[in-house]
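First chain written, first letter: the chains are A, B, C and D, and each begins at residue 1.
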Amino acid sequence: MADLAQAQAGATMPGQPYMELVNVWKRFGEGDKQTVAVRNVDLAIQPGEFVTLIGPSGCGKSTLFNMIAGLLPSDSDGSILVKGKAQQDGALLGKVSFMPQRDLLFPWRTVLDNATLALEVEGMPKRLARQKAEALFPEFGLKGFEQHYPHQLSGGMRQRVALMRTFLFERDLILLDEPFGALDALTRSMMQRWLLDIWEKHRRTVLFITHDIDEAIFLGDKVVVMTARPGTIKCQETITLPRPRDVSVVTTPEFMEVKKKLLAVVEEESLKTFASATMRP
Amino acid sequence: MASGLNALRSALPVAAALLALLLLWQFGTTALDVPAYILPKPAEILATALGRIGFFGGELYVTLVEAVGGFLIGSVLGILLAVAMILLPVLEVMLMPLAMVINAVPSIAFVPLVLLWFGLGMSSKIAIGALAVVFVVLLNLLSGLKRPEAESINLLRSFGASRLGILWRLQLPAGMPALVTGLRVGLARSTIAVIVAEMMGAYSGIGQVIYQATAQVDSLTVWAAVFVASLGSLALYGVLVALDRKLVWWR
Amino acid sequence: MSLQSAVRSPYAAVLIVAALWLVCVPLFSIPPRYLPPLPAVIADGVSVWPDLAAGFWRTLVETVLGFLAGSLLGITFGIAFAASKTLERAFFPIFVALQTVPVIAFGAIVVIWFGNTILAKVVIALYLAFFPVAVNTLRGLEQADPQRIALMKSFGASRLTLFRKLLLPTAAPNILIGMKLAVALSLAGAVVGEWFGDTVGLGVMLLQALYFELIPRVWVLIIACGALGTLLYGALALLERRFVWWRPD
Amino acid sequence: MTFFKHGLAAGLFAVAAALSATAPAGAAEPVSVRLKWLPQAQFAGVYVAKAKGFYKDAGLDVTVNPGGPNINVETLVASGADTFGVASGTEGVLYSREKKLPLKAIAMSQQMTPFAYVAYTESGINSVKDFKGKKVATWMVGPQYTLYSVLAAEGVPQADVNIVSQPFSMQPFIDKQFDVATVTLYNELNTLKEQGIDNIKLFMPDDSGVTTQQDAIVTSEKMIAEKPEQVQAFLNATLKGWKYAFEHKDEAVDIVMASGPGLERKHQELMLNEIERLMVAKLGTSEGLGAIDLVSIGKVQDDLIKFGAMKTPVDIKGAFDTSFWAKVPAEDKKM
């Protein structure tokens, strides 16, 4: 799988970003009622890079994500390029491995069949898809739960099933929308480390949304901060912390320094959102 | 073993309640000397039903064939309509208000027309049975198909799933519980509609038995026929409940 | 916007159907016994207008009374079943069985027991209406989240308060679903009830139309029943929008 | 019985009475009459007697309750839910007595069999004997026994005739799905005429010597025992109503039209004419309206037993009480 990812990544020209957002806008409604959700976003994601994105709640992160996943067309003044090629409306569907905030497991499918969902949609024969998924079960800590139904699993396990579903849908770019948002702190930090292990093994390009600064720094090669609505990119911070990272990295001075800097930015943006929300008539 | 015991335990209250009701009925009618033409005693009804079991069985068979036939046709039509409306939202906008209005008309109001169109044979009963089912199934399934949130649909879209793929993998399974509810309501309705239509005009069937027995002041036969009809539709209902467990296995 | 289209579309649909009816009957020369021409139906409706209006009103009253009584009884049973598992186990299956009994078989008995008044129709409407309400009330009450119940209890809520502030609102959307089913059944009950020896009502007219083979009249009555049912359903939907504005989770 | 009298039913009837209470009727006794079908000219006498105040003059406050499918008049009268009834007819009264319903017939409205058999003129069917090998439709809710009697009287074996169940609609006959169909003279025959079908021939059971009187006026044994004067008053006024109806047909149809919703006047006029024909036939003229023909009733019972519709014969004199009819003043019943 890693070979495959590298082979695909190899198709990009050296130095060329895997995905590039150029002046991306999204407006809803018309005339007086128009609201701008996303404004003038420029962002480049290199192949194999782990990019984390933070911003105050309601800043348009999810709108941005939906556009990258191809679920929502971006406004015509900008463009989304993949390997240098502009993507028309809907062209991105099926090209990005997307994991929404909630696990969205189907209650009528077993864990195994939930994991193979994307493969089935692709048209892979069920037997083959299952074989492929079964191989990943130990790695995702789900061995022995293949035939369980989602309602029999804990929140962390459900999230891992959803992640496995995303991983099995082998695309160059993985979009993760606050995947650990609903988990408790302990489970979450375990999941973070585990995600890094997996990522390091497979080296896929990841764009990860979160509202947790620690998480963003701990996971990312690059942290992108979005502003309050209308969302745009306020700053980008490259994280140079060595990999592989473990829990101890969180207490290093380098980490603290980055965190302090980002915290200030995010705080400022959050205050803006809060103020505008409370001042609304 | 344990499950058998459990089944027994859950069946006990209803058995007790039924027995109590029957005893109250039996002894109440005896004590108050209620004549059979007003309310026969359960023992007499049972004796009448058992005494002509072949006759009642044959008539019930006709009624059940009509009810099940109508139910199946109506269900398939309802399911097809719901699927068509989900795939082609224009259809929903156009047909839904009409479906709501027709659904608001009691299906018995169509009995006169159906009898004129399809005659007195089984086909008119099947038609009225189907009519009684189709809109219940349509309305329930449609709301079930719409149950999945946009997020789940988006997830499948991001996997590159087509409209049909989304329907098959997400909306249909998610709509199953609602469909089953619709089927249950529909089955009860189709049985009753068929019996009513049989009363209004038929060659045979439980409804016709009830009608003829009423005309000939034979109240025991009326009650026995009703008793047999209820047993029959309860049996159908049981089949559907079992089917429910198969269709909605994950609950 | 959505309200506008919601209001507009039913009328549009009715107009389209009317237009199709108007055009298709002469176009395909459909025999009147299958589908009489729309003008004939309208003319027949006009010719019996006073009777039709009186019948509409009477059937409406019967339906509403039976529906209200049935809903009340259904909610009561639903609450009782939710409160006592034994009660549910004992009587729920019997109620299911009762649903399969064709009431129409008992015309004479209904009249003997309940007389020839409006009460007989109300009772039949009630009989048909109460079950869906009971089932849905039960299901709705069962949906109450144990954590929320615990929360209410931690506030020191009494059983009654718990019921009024949490359980009933939680069950409300389900109860309304049951009531929407019940309103159609009440109408059917009222119409059938009128077959047991009444002089006024849509059911009486339907019966007469059937036996005199007045096909245009049958269509007039089907349309009247449809209008009545839609009216009641619409009123209920309005009520729903007023009282259950939140979405169940 | 007692339970219903004193319990639920009594209470509900009180409500019913309160709801349907008419003007304070002085000393008039509240009673009810249950018809075998919906309001129509078939019951013109009853409606006229009420509208013209004949009942009131007789000291009765009568509520007219229509019937319907699955309403059994005999049961309602026997149970006391209704005081009087215009019940099915000879057969219905016999069945009821066999089933021990405590009721009696006190008059018979229709003096000849109201059923007849119709065939198209070009069908080649010229007599009942020609029914052999033909598809003959009749109603299987009682009238089939009349057909059996007619066939027996004409010496046609039942097995030689293809007898099928007839719907309430005449459409299959119009579509020529049946060779012969059954009509009532006062209703289906008129329906055929209204649809412009007159190339038909009629075969009347009475021509084959089969008479079954229909539309029995019944009341409970209890009424006869406890309030015979009310029974007499009701019968007198009802027959007077019929007489008046036949003498003032336009007015009678007006009264009927006002009693039921959505009736067609033309159809009701035709019906009243036919009903008159049936009621004044035979004993209806010689003896008077409502006469009870015990001889024909005896024959019907014999046939019902022969065809297996009844198991044991009932005492005809006990089932059909002629004493009240005998006491009806001649000016009320003689046309």
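The working rule: a residue touches a chain if its C-beta (ideal position, glycine included) is under 8 Å from a C-beta of that chain, and two chains touch if they have at least 3 such contacts.
Only a predicted model underlies this, so the values are computations on that prediction, with no experimental measurement involved.
Asker: Which pair wins on C-beta contacts, B-C or A-B?
Answerer: B-C
Asker: Which whole number of Å gives the spacing of the CA centres of chain B and chain C?
Answerer: 17
Asker: With chain centres defined as C-alpha means, what is the inter-centre distance between chain A and chain B in Å?
Answerer: Taking the mean C-alpha position of each chain, the two centres sit 49 Å apart.
Asker: Need the CA-centroid distance for the pair chain A / chain D, whole Å please.
Answerer: Chain A and chain D have C-alpha centres separated by 84 Å.
Asker: Among all residues of chain C, which ones touch two or more of the remaining chains?
Answerer: In chain C, 33, 104-108, 112, 209-210, 213 touch at least two other chains.
Asker: Mind pulling the chain D residues that touch 2 or more other chains?
Answerer: Chain D, residues with two or more chain partners: 4, 69-70, 72, 75, 79, 168-169, 171.
Asker: Among the residues of chain B, which ones contact at least 2 other chains?
Answerer: As it turns out, chain B has residues touching two or more other chains at 38, 115-116, 199-200, 210, 214.
Asker: What is the complete set of touching chain pairs?
Answerer: A-B, B-C, B-D, C-D
Asker: Note which residues of chain D are touching chain C in the complex, please.
Answerer: 4, 8-9, 12-13, 15-16, 19-20, 32, 34-35, 38-39, 63, 65-72, 75-76, 79, 81, 168-171, 191, 259-264, 267
Asker: Taking the complex as given, what residues does chain B use to touch chain A?
Answerer: It is residues 151-152, 154-161, 165, 169-170, 173-174, 176, 248-251 of chain B that touch chain A.
Asker: Within the complex, which stretch of chain A touches chain B?
Answerer: 66, 69-71, 93-98, 100-102, 104, 106-109, 117-118, 120-122, 149, 151, 169
Asker: Give the list of chain C residues in touch with chain D in this complex.
Answerer: Where chain C meets chain D, its residues are 33, 48, 51-52, 54-55, 104-108, 111-119, 195-201, 204-205, 207-214, 217.
Asker: Can you list the residues on chain C that touch chain B in the complex?
Answerer: Where chain C meets chain B, its residues are 9-10, 12-14, 16-17, 33-34, 86, 89-94, 96-97, 99-102, 104-109, 112, 132, 181, 184, 187-188, 191-192, 206, 209-210, 213, 215, 218, 221-222, 225-230, 232-233.
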